[in-house]
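Shared chain: subunit A. Partners: subunit B in the first complex, subunit C in the second.
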Partner chain A sequence: MKTGARTSRASALAAVAAAGLLAVLPFLGAAPFTITLLTEALIFAIWAMSLDLLVGYTGLVTFGHAAAFGLGSYAAGYFAREVTADFLASLLVAQVVVVAVALTIGFVATRVSGVAFAIISLCIAQVLFQVAVAWRSVTEGMDGLVGVPLPKLLGLTVDAGTEFYLLTILIVLAVYVGLSRLVESPFGRTLQAIRTNEDRAAAIGINVRLHKWLAFILSWAIAGIGGTLMVFMKAGTTPMSLHWSESGNVLVMAIFGGLGTLFGPLIGAVAFVFLRDEFTTRFEAWQFAFGLVFVVVVLAFPTGLAGIITHVWRSLWRARS
Partner chain B sequence: MASALVVRGLSKSFGALRAVDGVGLEIRDGHVHSLIGPNGAGKTTVFNCVSGFLRPAGGQVLLRGLDVTAWAPHRLVAVGLARTFQITKVFGGLTVIENVALAARSRLGKNLQMWRHARGVAEAEAAAEEILAMLGLGEHAATSAEHLAHGDQRILEIAIALALRPQLLMLDEPTAGMSAGETERIGELIRRIVKRTTVLLVEHDMEMVLGISDAITVMTQGRVIATGTPDAVSRDPQVQEAYLGAVEARSF
Partner chain C sequence: MDWNFVFVSILNGVVYGAFLLLTSLGLSLVFGLGRVVNFAHGALYAMGGYALIAVMRGAGAGYWPALVLAPLLVVPVAIAIERATIYPIRHRHDIYTLLVTFGLSFMIIGGIEYLWGTGTTLLKPPPPFTGTVDILGNQYPLYRILAAGVSLLISAGVFAVIQLTPIGLRIRAITDDAGMAEALGVNTKWLLTLVFGCAAGLAAFAGALGAPIFAIHPEMGMNILLDSFLAVILGGLGNLPGTAIGAFVVALTKSIGGGYIADWSLALLFAVVAVALIFRPTGVFGRGRVA
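Now for the complex of A and B:
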């Protein structure tokens, strides 16, 4: 009991320390380009962690997680441009839209499991993609939503670059600490029980469908936070943010980092963005190069980068004692 | 004495096969009631229909007078019915005590709490510790469930079900894959459990069934052919024929 509380406090402290370290980078002379890349990576990290809740903890594999992210982007971006650039108001509006959609489609999608769920989630995302392409009066079709202003926080404009980067760090930290607590809570344990064995979970009185539905809604809401940040960062979005290939990317980030660890998808997203940047400047077919790295890491360590880190950590620990 | 469970006219088909055909059962409070019969007799189908894992095609299931026919498993748990599985289905990634505490939290209605730590629900932890001690698994509390010996995993199955404080506990072949010594341990355990809850037992081990049951129902080919005390049932000519037939069939 006490050890559990102690571990979560220790990991929260480690997260705060890591966030602090990231926050001082711009003041230690990190290049603006690096800061931009890091901001994007951290936004993807929110998205990858939200996916981990669904795939890694609840066992619901989805090929449509771009829908949650892209929908958050469209809702927040449209509201910010048309009504007010206030960040918290835009975030709230995006959350309402994303949760409303997740409530409805999650109710249908979580009635099934396994491959059926994966396919249904893919279909839903593709429907949203087609809506974004066709509903030109709101989404501006394939051209995408443009002209999203810089966000305002308490009336002050958050500048692109360092200020926005710091805001992103704060939100990633909040999401990470919140999710870490969630997965250790009675609710989180219940989700893990469902992942391990649905029948067994039902046989101890767990309402499996209700819990999967709630996990789906939570996962979408958190992905929507990422989408909100992204639309402000890029000053707009396109239907491609809802495309199935994006759903594939976020799955790759989460698996590369290590599913069911939270911390893994976080570093998986960062590694993905930096490796992609590195490879696109060197190779025509960067996906091929990244794919090789991905396959080697995941074959050697089924729990991805998080597995490597745990392994190294344990070896160091053993060497010391 | 009141009835813990009454089943009337239960039927279930799989395609053209009538797996269960008009089965009736009545289990008295505080009894160990066994359901036996040769392979393919329909015992497991009855078991799954009663516990909500299969939807019966016809018939009625009454739990202490409450009509619970075709209820979902989690709703049945809420009104006092718990089951174990023939193939061990403990939660492998969790420790032994977490397996039991999970069920205890479920009983206490704490599944939806999202902020406090799972191990901080003191009442669930205490209940889990008590049950593990009672079943002799106390020393394995912190072991990962997947690393338990097979026999201990079978007992953990029972521990998880007991944490739900059921009024009726359904055990699906609890001695499957066990040695003679372990089977004896399970039999002794069931006699202790029945002080807390009525037990419906599906089992192959005849010696154990005859030794621990208050009542026995025998099924063949989807129908009940006899119900009564162990003595009465073992003297029943129809039962003897069914089992002799099964033994002969098996020797080929």
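Now for the complex of A and C:
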């Protein structure tokens, strides 16, 4: 137990140190474009970590996680444009909307698991996608929500670029530390028990459905935070943010990084954004390269980047001692 | 109410339903046999369309020989794909094959974009089916009627193979109870490879046959993939007669609903399917299986 507490404190310290390093990058002459990419990557990291809670820790593979992200974007963006650009107020509104939807959807969807859950989540995300396309008076259809103002924090405008980047780092850090504590808590252990064996978890008295439901709601809420940041970063959103190809992308980030490790999806998201940028500028067939990497990872490295890194780290550690 | 509009919508729905039948039968068969949710099915459909173009341009063949050749070219490719990527992970959880086929879909679409570009190709209906035919005062393209007829005939052929031949018997046995079938000496592994290849052939044929109607572009398989999923779930995964009904329910809802409540019809359809899957996991019409 004691070593567990020590490692989690060490990993929290490492996270703070890493965040600090990221935060000084703009002042060390990093190009504005790199900062933009990093901001996007970190927002995706929030989304990928939220997916990991559901897929990696609870064992519910979803093909509709874009719904949570896109819904958060629409709710926050609409509120910010129509009422006030205050960041915290928009975040709160987005959270209320996302959690309300997740409460109802999660209640029915978590009745099933496995492939059935994957397809149901896909269908639900497509419902939201179609609603975003069809409900033109609010969502402006395929054109999407545009003209979202810059966010205000405590009355001060957060400028695009460095200031927004720093805000994103703070939120990613909070989400990472919060989630790491959560997965180590009795609640997190319970989720992992359900992932390992649903029937046995139920047999030792765990309310499986309740825990799956709670994990679903929590996962959506955190994805909604990512969506809120994204709508401010891009000053708008389109129905494509809800499309199932986006749900696939976030799965790629989490699996590529390594499910069940929080740290994995984080580096997975960063790797995804930078690799995609490289691939799209260098290769004509970036989708092909992308699919190939994904297939190879699923086939040969089911533990992802994080698995490879831990493996190397452990063998170095052993060699030293 | 404009009855001609309704009538043409229904006709369009039936034509699309016939195509959907070809793609969703393959999807349902592969799931029933190996519990493989094939996300690459739409990409294989697109591969059929491009194989058609390749044969017509590369070998200077006419439309009809190309239509026969295109799916025959896709089948070995699909068999190789199954052996290389799905076969090695069949002992793992179902979800892994789903993830791998998702990646494969990216690879195939990316490959198509690399070889043929991202543009859209519209083929003219081949002679002598270029004209229209008068149905109750509506001018309807003759080729669509023909294509729907061919699709229905081939689907009937698939049903006949499954119901009447020894190999069909084995397929039904595995779908019912894979463990028991294997114990009785059915080679489930090779049969899945074979059926995967044939399902891809059906999808590719649909893609090639539909080229003069729906146009060819790299992402052409995405919508039909989603619609096939809906059809298969409505009918019950692995349940072929249910899948057939599901295909026409989806196609008619899309074409008739699309004319009146526009994009809301699809939202409604997805909602219905999600609810159906939760409360009737065996499909609305019966005996398929999901979990």
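Please note the rule applied: the second predicted complex is superposed on the first by the 314 of 321 C-alpha atoms of A that agree within 3 Å, B and C clash if a C-alpha of one lies under 4 Å from a C-alpha of the other, contacts with A are read in each partner's own complex, and residues count from 1 in each chain.
Just so it is clear, a contact is a pair of C-beta atoms (placed from the backbone, for glycine too) under 8 Å apart; a residue touches a chain by one contact, two chains touch by 3 or more.
Since the structure is predicted, the reported quantities are computational estimates derived from the model, not experimental observations.
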Query: On subunit A, do subunit B and subunit C fit together or clash when superposed?
result: fit
- prompt: Is A:W313 contacted by the first partner subunit B, the second partner subunit C, both or neither?
  reply: neither
Query: Can A:A202 be said to touch subunit B (first), subunit C (second), both, or neither?
result: first
- request: Identify the partner contact of A:Q126: answer first if only subunit B is touched, second if only subunit C is, both if each is, neither if none is.
  value: second
- line: Value for angle(subunit B, subunit A, subunit C) over C-alpha centres, in degrees, nearest 10, is 80
Query: subunit A residues in contact: does subunit B have more, or subunit C?
result: C
Query: After superposition on the shared chain, which partner residues are touched by A:G114: those of subunit B (first), subunit C (second), both, or neither?
result: second
Message: Just to be sure I read the superposition right, which of the two partners does A:I255 touch: subunit B = first, subunit C = second, or both, or neither?
response: second
Message: Just checking: does A:V298 make contact with subunit B only, subunit C only, both, or neither of them? Give me first, second, both or neither.
response: second
Query: When the two structures are overlaid on chain A, which partner does A:P186 contact: first (subunit B), second (subunit C), both, or neither?
result: first
Message: What does the superposition give for the shortest Cα distance from subunit B to subunit C, in Å?
response: 13
Field: Of all residues in subunit A, those that touch subunit C in their complex
entry: 61, 108-109, 111-116, 118-120, 122-124, 126-127, 130-131, 133-134, 244, 248, 251-252, 255, 284-292, 294-295, 298-299, 302
- line: Per the touch rule above, subunit B residues touching subunit A in the complex are 51-53, 72-74, 77-78, 82-83, 85, 89-94, 98, 102-103, 105-107, 110-122, 125, 160-161, 163-164
Field: List of subunit C residues in touch with subunit A within their complex
entry: 35, 37, 85, 88-89, 93-96, 98-100, 102-111, 113-114, 226, 229-230, 233, 262-264, 266-267, 270-271, 273-275, 277-278, 281, 290-291
Message: For the complex, give me every residue of subunit A touching subunit B.
response: 1, 4-5, 8, 181-182, 184-190, 192-193, 196-197, 199-200, 202-208, 211, 214
